[in-house]
Amino acid sequence: MTLDAPRHDGRAPGDLRPVTLTRNVMKNALGSCMAEFGDTRVLCAATIEDGVPGWRKASRKGWVTAEYAMLPASTSTRSRRETRSRKGRSMEIERLIGRSLRAVVNMQALGEVTVTVDCDVIQADGGTRTASVTGAWVALHDALAEWVRAGRIPRLPLTGQVAAVSMGVVDGRCLLDLDYSEDSRAEVDMNLVGCADGTLVEVQGTGERIAFDRAQLDALLDLGQGAVARLCDLQTEVTGFRK
Amino acid sequence: MTLDAPRHDGRAPGDLRPVTLTRNVMKNALGSCMAEFGDTRVLCAATIEDGVPGWRKASRKGWVTAEYAMLPASTSTRSRRETRSRKGRSMEIERLIGRSLRAVVNMQALGEVTVTVDCDVIQADGGTRTASVTGAWVALHDALAEWVRAGRIPRLPLTGQVAAVSMGVVDGRCLLDLDYSEDSRAEVDMNLVGCADGTLVEVQGTGERIAFDRAQLDALLDLGQGAVARLCDLQTEVTGFRK
Amino acid sequence: MTLDAPRHDGRAPGDLRPVTLTRNVMKNALGSCMAEFGDTRVLCAATIEDGVPGWRKASRKGWVTAEYAMLPASTSTRSRRETRSRKGRSMEIERLIGRSLRAVVNMQALGEVTVTVDCDVIQADGGTRTASVTGAWVALHDALAEWVRAGRIPRLPLTGQVAAVSMGVVDGRCLLDLDYSEDSRAEVDMNLVGCADGTLVEVQGTGERIAFDRAQLDALLDLGQGAVARLCDLQTEVTGFRK
Amino acid sequence: MTLDAPRHDGRAPGDLRPVTLTRNVMKNALGSCMAEFGDTRVLCAATIEDGVPGWRKASRKGWVTAEYAMLPASTSTRSRRETRSRKGRSMEIERLIGRSLRAVVNMQALGEVTVTVDCDVIQADGGTRTASVTGAWVALHDALAEWVRAGRIPRLPLTGQVAAVSMGVVDGRCLLDLDYSEDSRAEVDMNLVGCADGTLVEVQGTGERIAFDRAQLDALLDLGQGAVARLCDLQTEVTGFRK
Amino acid sequence: MTLDAPRHDGRAPGDLRPVTLTRNVMKNALGSCMAEFGDTRVLCAATIEDGVPGWRKASRKGWVTAEYAMLPASTSTRSRRETRSRKGRSMEIERLIGRSLRAVVNMQALGEVTVTVDCDVIQADGGTRTASVTGAWVALHDALAEWVRAGRIPRLPLTGQVAAVSMGVVDGRCLLDLDYSEDSRAEVDMNLVGCADGTLVEVQGTGERIAFDRAQLDALLDLGQGAVARLCDLQTEVTGFRK
Amino acid sequence: MTLDAPRHDGRAPGDLRPVTLTRNVMKNALGSCMAEFGDTRVLCAATIEDGVPGWRKASRKGWVTAEYAMLPASTSTRSRRETRSRKGRSMEIERLIGRSLRAVVNMQALGEVTVTVDCDVIQADGGTRTASVTGAWVALHDALAEWVRAGRIPRLPLTGQVAAVSMGVVDGRCLLDLDYSEDSRAEVDMNLVGCADGTLVEVQGTGERIAFDRAQLDALLDLGQGAVARLCDLQTEVTGFRK
């Protein structure tokens, strides 16, 4: 296969799948967003509760956290409901989403409330964590905007946007936004969380079966940074937010 | 209020909310159905796995079971994710769904496989358990039809349909298909699971704050049996199934 | 078999097993009752603690709850001790007992205390949940009477009595108060919780292998309502309570 | 107080409370015994299941184990049901009961079965663990006798009897068989498990608030050994067993 | 084998293994001690936190507790990490360590703080619980001395020392301080916790496969009391504490 | 502060703390290593068991996994023992260690066995996960070498070495191998796992309070890659391994 041959679904190596961010999909949540990256669909819902966790009490600062789970039928073979004990993978992902969102929230301006963004994977086809981050920011934005409208805070306590994308090396080629069939045979698997201004919030790269070299790392980062910028543009388009 | 005054949303006492049953909403499940009763939305997905639970081994019969959970953001105030310990209410509901489905499956004809129907409440506005039963039957039907198409069994091992609806006494009036605002102040709360032929599978009635009399019970059952028939018609319409 | 042939233990279809309600069987509980329905024996013990669950704080109302468990050796084959995770069935039953008792307690008059009625099945031979409700009311009555005697409340905050009985369809016949051998092959299984004045608190009917029709439901309800009246008489006899 | 003044209930320092061992109290268990030491009542039930725990497989030897729990209402203030996590105290006690019983069972003669003796405390007034051991032996004996009667084993695989009693130092005096009021203010708390032939199976002594000396230990052991002999006589009386 | 033949490692029946108590082995703990009895190595670390458990609130007294665990690789075959559910054995041992330490602490003088002594077994070769008690006292002493130095309390709230040793009957011989190879085939297994003044805090003896007689018990206690005195001397040597 | 001013402990920005890797520190483990990076001390122990997890059965390939935990007293304020539920952080770390080790093991050559490397943090002063990876490789190497010596496999199934180091941005400066005081106020926190040949296995970078730019990322990676090479040299020195 030549290096610039189209991928199994016709995309070029640096193409994102069709991405849609649909707001206001849940009646009861303050902010909500269905994030779709191809067949991957994640329902993100942000709720705000008064008070902060015990360790943060009396700090006059807020807190932003996330929960992540997959519906049992979201995967190609039914996965077990996480009711008895949490899976390590889910905990790892929800910690990532939480850190990413906190990077762009002014906690002092938020005040002593806790924002929880639930990311529930309705359908999984690769890249669920990056779709979660990208959609979670929209749900967070909308919940905060609602908080402003309700007169609870004078202005949006957001210092920027975060969006995320996956990259990987498959059959020696650096590809953007892997779907499940690509992800499951990738040699290198990366996730990048970044801001609209080009800065980075989180970089995670793993050699699944083989180690990778610095040149590959650099090429993947280039692909990812470009895509994060495009995803931030899309967030701006649907929410109107601009820092 | 006169007894036949319209309800807060304009419905007559014996009206269902707008009900839709949308099939094939999940790429990975063998059968799936989004059941909507007004603003209540439940995603039902049926998967089939080889083998049966230990206690049923060597019986040459299959097994049908259900799992039920609510997304944290599905309710008006965020509910806690059931990851540490299951809630009694959810276990009670998933046992009801399982029993209802098993009433219309020929286990011998199914063979030694386990069908699991996951009912995940996306949005809750009253009647989630009855919407779950009604949608779960459609997901079950479609998964079994797929199993037939795949040559795993010669014909559909279904002996009938099941659908369910809630009824209740609110301000002294017998009402059908309560939404959350009605349900939360109902004096009597009932659920009826029935078949297309008018027989009953499950009757549950509870006096929430007051006891009720036999005449009220009879009036509620009348309302429910009529509605179950209409819901079975809708199932037939979307699946083409007729016993 | 003719429809009015005696049952395997000689009872007529509408007969209860011998029922005894023995009070004051536990030294440490405020109220206690050993409820026996034939070989089914349930130890019911009511204790009162100051304070109410968090969600009910500052309501000036009390709370009544129940816990239900079976001794491992109470069943014909040893059942597992519920120490790791609660069984769904037990949670379902203790929710039923709690709702039934709350239907006849004036929570305002009770004041901010929590009454817990523990129902521990010593020996199981069918109908453990209905024996639990019937005996739990006696234990509750006695604990509240003790509370009155101790000067904690001026008068008994009970608005009535609750008792419960099971019914079922076995080999096509409608039977009252099933023992284990009948229950395990019943086609329809019902439980009725009612008050001394003939009103109903809870109705639960399930078609175990087949659906049932409205005429059967009505016949079972008739059997059950008569039996609940007789059980309430027995409660009155042992406690002296009359509304 | 002089050293030989009667105790609060009139007993002399070396007196047991009234002890009764009532057999066949449970319909479903192979062997059962209600052990009463004064107001302490423990229901002991022995069941036999085919097979042994995994680590003992293929040993051609049996296994004997015990479970111990208190009914919530057995204690003077309601204790929490052990459904979420086992209490360390209960696990410690059931390990003691199991070891005691295993000391007098010929595991080879028993064959590859597991005997479980459930000890459920119905009423607690001190000495529940020693009443458990004493009653558990009777339940075990009766279950094994039933096993012989059923032709599963040719003869009783018991090499002896075990019985247990508590002792303690209260207000400087060495006392036998402490009730709760004595136990709760004892300076030293001991339990002795022994056989009919005067040998010892288990000795446990703890200085609760103060350390004790060797002379006190010796005096307590003397009291205990005498009582164990009397309890073994009682076991012989009710079961007819004599080694 | 003659009764005074040397043991497999050359020791006489009444010999301890080489014992060392090394202080200040952890940078972050207030007091710490590596206790080594031959190849058995236990890391004991004492920390002090303000406040006491709920049930002891407003008592103006402190609390001392212990936690015990084995590193998975400490045993000859890897043992499972106790992350899901605690093992009964570990809970039993940490309760023993806690009781032993509390016997020599003046809780009033300590004030409303909680001392936790963590005993983590780095390498297990028999006698881990007795090494834990012996080392835990040193860690406790050092933490309390640090508390005095910090001006939190005027003087050491210790009323004495506790040390512990194991004894057992192996091949009919009474031996002191069993290593794993001896312990695993011991007929009788004992543990003694005692004070520097010769008094006893805890005695535990178990016949593993056979019952034992009073003469053996007395001989084991003699061996143990002598050894506890020597271990207390060693504690005095390393800490300088003398009551 | 100028950019090349010494750090609080005198190190230059690109200096590692003193690192020692001490082998054979545990009697019972097949391979063991105490890894020390300054005051951080991690005990790594590798054990090999026959068989592989269920999902890998019949693959003829082995499996390598890791477990990570901190002793409660390892941190500056006592951390809770992870006995009830695992901490997300620990699960994240042990997944990282496992992936890192698997990158250099030939699973086919290993055969159907499971190697578990336990990493227990004895003392924590920053960089516990990177010390774990570095020491775990040594323990793994030694266990595999022992497996070769025992004739279980013909040659070492290692395809290379892995070592890890942390980097971070503190007060705007890029620093290598952060200790706790630096780590707790770092703006950017990175971990790099790499091989002796300069290739990378895992890259993780997080902006803790602020986002970072690509230039900083590149500078940190440069620091890290140099350090990994030095750590691999040290591993070679102590084990003699060279690919």
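Read from first to last, the chains carry the letters A, B, C, D, E and F; within each, the first residue is number 1.
Heads up, the rule we're going with is that contacts are C-beta pairs under 8 Å (C-beta built on N, C-alpha and C of every residue); 3 or more make two chains touch, one makes a residue touch a chain.
Owing to the predicted nature of the structure, the values given are computational and were not obtained by experimental measurement.
**Student:** Tell me, which chains sit next to both chain D and chain F?
**Tutor:** Both chain D and chain F are touched by E, going by the contact rule given at the top.
**Student:** Between chain C and chain E, tell me the centre distance in angstrom, where each centre is the average of that chain's C-alpha atoms.
**Tutor:** Result: the chain centres lie 51 Å from each other.
**Student:** I'd like the Å distance between the centres of chain A and chain F, where a centre is the mean of that chain's Cα atoms.
**Tutor:** 28
**Student:** Using mean CA coordinates as chain centres, what's the chain C-chain F distance in Å?
**Tutor:** Taking the average C-alpha coordinate of chain C and of chain F, the gap between them is 60 Å.
**Student:** Considering chain F alone, which of its residues make contact with at least two other chains?
**Tutor:** Residues 85-86 of chain F touch two or more partner chains.
**Student:** Looking only at which chains touch which, which shape fits best: line, ring, star, complete or other?
**Tutor:** Graph shape here is a ring: one loop, exactly two partners per chain.
**Student:** Given the complex with chain F, which residues does chain A contribute to the contact?
**Tutor:** Going by the criterion above, the answer is residues 85-86, 88-89, 91-92, 94-95, 99, 103, 160, 194-195, 197-214, 217, 221, 225.
**Student:** Which of the residues in chain D end up touching chain C in this complex?
**Tutor:** Within the complex, chain D touches chain C at residues 26-29, 32, 39, 43, 45, 47, 49, 67, 69, 71-78, 81-83, 85-86, 116, 118, 120, 122-125.
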